[in-house]
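Next come two complexes built around subunit A: one with subunit B, the other with subunit C.
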Partner chain A sequence: MIYSTLAERIRSNKPVVLLTVIDGPNVGATLLASPNLNSLGTLGDSELDRVAARDALGELEAGRTSVRNYGPSGQVTPEDLRDTPTVRVFVESFSPPPQMIIFGAVDFTAALARVAKVLGYYVVVCDAREVFATKRRFPMADEVLVTWPEPVLTARGADLGPRDAVCILTHDPKFDVPAIQGSLATNVGYIGVMGSRKTHAKRLERLTEVGITKSKDLDRLMSPIGLDIGSRTPEETAISICAEIIGKRVGRDVPSLAKSNGPIHR
Partner chain B sequence: MREILADIDHWRSQNKRIAVARVVDIEGSGPRDPGAAMAVNQDGEVSGSVSGGCVEGAVVAEALEILASNSPGRLVKFGYSDDEAFAVGLTCGGTVHLFIQPLTW
Partner chain C sequence: MIYSTLAERIRSNKPVVLLTVIDGPNVGATLLASPNLNSLGTLGDSELDRVAARDALGELEAGRTSVRNYGPSGQVTPEDLRDTPTVRVFVESFSPPPQMIIFGAVDFTAALARVAKVLGYYVVVCDAREVFATKRRFPMADEVLVTWPEPVLTARGADLGPRDAVCILTHDPKFDVPAIQGSLATNVGYIGVMGSRKTHAKRLERLTEVGITKSKDLDRLMSPIGLDIGSRTPEETAISICAEIIGKRVGRDVPSLAKSNGPIHR
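Up next, the complex of A and B:
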């Protein structure tokens, strides 16, 4: 019952955390906890279950997997733990996958969606042109939406966080300006915008016209998108974008095109 | 765990006994983070991985032993081994702590 519930929640991208006693009394005992649901199973003591599940839901919220130590009845303070065996509990968080929303249904989109799927993203492709935004062209995408950026970012923006990415691949100001505005209003960790350096300069003018001038906003835009690795094909470009996303997420100083001046292609 | 669910479901549908090995902690350089999982069925078939391929063979042996002895599970540690060229160990120099248990839950 614990396994089937765990599998069901992982598959449906719902958060769940699995607790396992790996040392101390009741080795192998498991407990499954989910936000706002009763937990399943037991670690061998009801008070330990209560305390460990509470801690585990906090770890789940933070997306952390770790080992935590308790007394046999969930004691946590050093005084309480004296002269008691330690129960070591492996707390394994299963968070929903990070999301990547790709605006613009172009050739680069298919390649980027494929690479993003390899990395475990939930991929959404969005374009207002229904002849381009089709499930047939993007079978690898989890969702293909025929609409404008505003409704998508209004509906889903609150769910976007540091692990998520928005990639704006249209070169069309009608589409990319609202996509940028909408993305800047979220906490999304990565906003990449495709285009040549010339396109980028023109886009900055249009962003100024709509009132996006603060450097803390403009600094969030990775434009031109991707790393300066001389990528040419859609697939190579997809790799350079995903590599930039990884580097930015972990805080590495990666050679982004947005920070260099040379030609994008040589 | 996500990537081994399909194999586990398949084995469960055949009523195979299954052990699951999970990385619970690493020290130093380790190839896979905590949560990396591998499943082994009673016939020694494997799904998933817990290292870069360095310790999987030994994990299968431990998993089969745990299934055979009705153990509730145990912690197993693999570290660097440089004195015995063919001994099980991580060439990256780290230590990986695994918890291996029968999937009875």
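Up next, the complex of A and C:
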């Protein structure tokens, strides 16, 4: 039953995660978890099933396979790991990794790409300026494209969903207006746009000129990009962007710069 | 004047950052910035001086040397980089990198160490269990120590300051109580302690038993660790911890789990 369901979901390209006990009281026990569906099978303890399935769905969303350690009843914080037998669970995700498309090969791009790679994203960097958009500057990116936003979003937009992110770091209306237009036409879960509050206000005028005026569209644009945590360096900004993506994806009320006022740098 | 001040600060082991224009209208112009002191020199434009010094102090705090690009008057968001001459500034930090000591070689440790390395930390992983605390499991760490918290904090505590962090991920009172005691005796800027709200409540009882009762001490403990952004995977948790460290360091009012109620996982 578990294996036929697993095969069926893989064949239909739907995400699914298989958990197998590889060390502990029930070696070989399996549990199959899928987003928004009940789990199948058991690892031998209902509380362990609940906790491990929750964690496994997180791993699945990141498109990652891993080994997790629990107490016999799903303790993730055992008071003393030395005195408690550990259940080791192999968590096998069947899911393409989420994508992050970064428009703009700027100072912030490399730091964002590095942090996104830690989070398991397939990272695409895109800029029309071929001296900046090079694999040598962005060795950590999965792809570096020298082109404009339209062809990228036309070719790949249909594949973008809630797990995916577009980050527009260009600061250039010739580049970021079409990037925003193209991203709004997709179901991508996160659209972040870098720039000061003043830049964003000017950008909104340009968006109005090209007919982007609906509040449901404008509400999707996270600009200024990232959380209001006082980031200064590109790396700190990358952390604030990724923290915003995580929080928004799970519906947390996070302190986005886009939802606040006042200076970004204090 | 600039170089004698630079030499003086380096000799006295105080942090200082030297900015030099390497491309643009004033190649060779220099500016020297130090935390809490006025800058010396100029890059040729007072607004550029202000913005570049601010960014350079961020780089200095991360102990990093880099090249930054600005518009002629310090624009970080030039409307069109193609039509604006760029000022390239070489930012040379004279400062040891900040340290992060992670107690506990657990599932979350490798992810936290990876993100901390992106932020420029010198990362030390410490656990008394030699099968877990290995360089093979934590190749990204600068040091992996098989020992207890006391000797580490006794030997290194005096060097820990506001830029540094201690993250206690052990979940084991035999390990985390001495790690907390030792950390509270230092001036380290951040002390994060992993664990559920229930675990933290029990831990507070144990801390009381060993005489840690002052609210100014207990207020320094960030537990549960990290921001309330709904993190599930170790990598997402690492982002939430680092976002908390950044926000606390600059005094931002960030949504720490330690300052809220309610479930960590929803």
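Convention: the second predicted complex is superposed on the first by the 173 of 266 C-alpha atoms of A that agree within 3 Å, B and C clash if a C-alpha of one lies under 4 Å from a C-alpha of the other, contacts with A are read in each partner's own complex, and residues count from 1 in each chain.
Methods note: contacts are C-beta pairs under 8 Å (C-beta built on N, C-alpha and C of every residue); 3 or more make two chains touch, one makes a residue touch a chain.
What you see is a predicted model; the values in this text were computed from it and never measured.
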First (subunit B), second (subunit C), both or neither touched by A:Ser240: second
Touched partner set for A:Gly41, first subunit B, second subunit C, both or neither: first
Contacts of A:Lys216 with subunit B and subunit C, given as first, second, both or neither: neither
Contacts of A:Gly28 with subunit B and subunit C, given as first, second, both or neither: first
Touched partner set for A:Arg136, first subunit B, second subunit C, both or neither: neither
Contacts of A:Glu59 with subunit B and subunit C, given as first, second, both or neither: second
Interface residues, subunit B side, partner subunit A - complex: 1-2, 5, 8-9, 12, 22, 24-25, 33-35, 72-75, 99, 101-105
Residues of subunit C that touch subunit A when the two form their complex: 54-55, 57-59, 61-62, 64, 68-69, 76-82, 106-107, 111, 114-115, 118-120, 129, 171-174, 194-196, 199, 202, 227-233, 235-236, 238-240, 242-243, 246-247, 249-255, 265-266
Residue numbers on subunit A that touch subunit B, as the complex places them: 1-3, 6-7, 10-11, 20, 22-23, 27-28, 30, 41, 65-67, 90, 92-94
